[in-house]
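This is the structure, below, for whatever I ask next.
For reference, chains read A, B and C in written order, and residue numbers begin at 1 within each chain.
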């Protein structure tokens, strides 16, 4: 009886820890990419993990690393840029998980203050690896009235495949 | 002795799970309302739950559903709109809970980028129902220098009735 | 054996509770400072805790309290102001902890809507006190292309001293 109660507690705690680890991974992305920590950003992805931001598709960890080091990203950093994410909605299912969260990109104006360059949503799929969770696919779309962002949200919060 | 330790663990874990469920519910609202998922948004509320956003008061789940389907909301969605929420401060007390969080509404500009249309605070009261937590009342006010938003914050973080 | 499993569970639960307490403390700051709750804001700091925001350095709890009551801050509140924080990346190490998070300050425009006045990052160091966690030092820097914000991020997410 005590053993059953212990096992139930362990199971519930495992789930909370998984969700916490995934939330922390997602919360790390914005600060790390703002600081140009290419290797640390890339290590959030599986070796073959993908990142599709609409106008740029990366199909593995090396390409994520290259994005952070790109002139486009380095230019944003030099200008002053904040990749700001909200709290994710995480759903863990055994050794897989998905999360959906919103994000904005704030870019510094010459005249002072910041401009909201983008606002969108991310659908992130993760897999449990030897040393924690890794991103296997991530798709971001702007909230621009098109249905693509809406699909990511519906899939991310309520389930289904994409 | 072991039974007491088990019971204490169960009690502490219950609390973390309650807070996690409420944080997830609140984090779901922004993406779901951005995607126009009227039924899913409305189901976050109790049947008789209310939502007062200052210039619009909804007094039950059906009226929340109607708000999402309204021309006003559908127009925002078509233009491109992000209801972006921060991490909530959650306080659970048995089968009741309250949460306070900040929010912004970002609306797409014709010329590119997004405009910060609103910035405010939400005081959310919840009740434990048969299948999880539900919103029984929610009040949002802009941070516009008036005392109404300040009252929501003080009540939400520090307690007291409203 | 059961005792070992119980002890392991208690240890893991302690860590989740510590992280939750710190995340809640950080999430409380924005709403409380927006509402001008000087005493409640100041009580998040240790008596000798510091807050360095670049153009203003506070070196104890009383000076944090005075900042909230200052004409500068009260003026922002009267105009309409939202100190909006993202979810923190928290790392607990026994009775010490650090957290990094991004933040923006939104200020109301006369013409309607809000202006993004600042966007930056906070490195927060905390200590376990008799009644919960307290901030012992907090440094905020804008994401303006300079290396100072980048250093806070690297230290906060990946460790090291500062």
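A few comments on the model shown:
Basically, a residue touches a chain if its C-beta (ideal position, glycine included) is under 8 Å from a C-beta of that chain, and two chains touch if they have at least 3 such contacts.
Keep in mind it's a predicted model, so treat the numbers as computed, not measured.
Of all residue numbers used at the contact between chain B and chain C, under half are used by both chains, marking a mostly different-residue interface. Rotation relating chain A to chain C, from a C-alpha superposition: 120°, rounded in steps of 5.
The centroid of the Cα atoms in chain B and the matching centroid in chain C are 22 Å apart. Annotation for chain B: residues touching 2 or more other chains are 2, 6, 9, 13, 16, 86-87, 115-116. Partner chain C is touched in their complex by these residues of chain B: 2, 5-6, 9, 12-13, 16, 19, 86-90, 100-102, 104, 115-121, 142-145, 149-150, 153-154, 156-158. Within the complex, the chain A residues that touch chain C are 2-3, 6, 9-10, 13, 16-17, 20, 23-24, 27-28, 30-32, 34-37, 40, 77-82, 84-87, 106, 108, 113-116.
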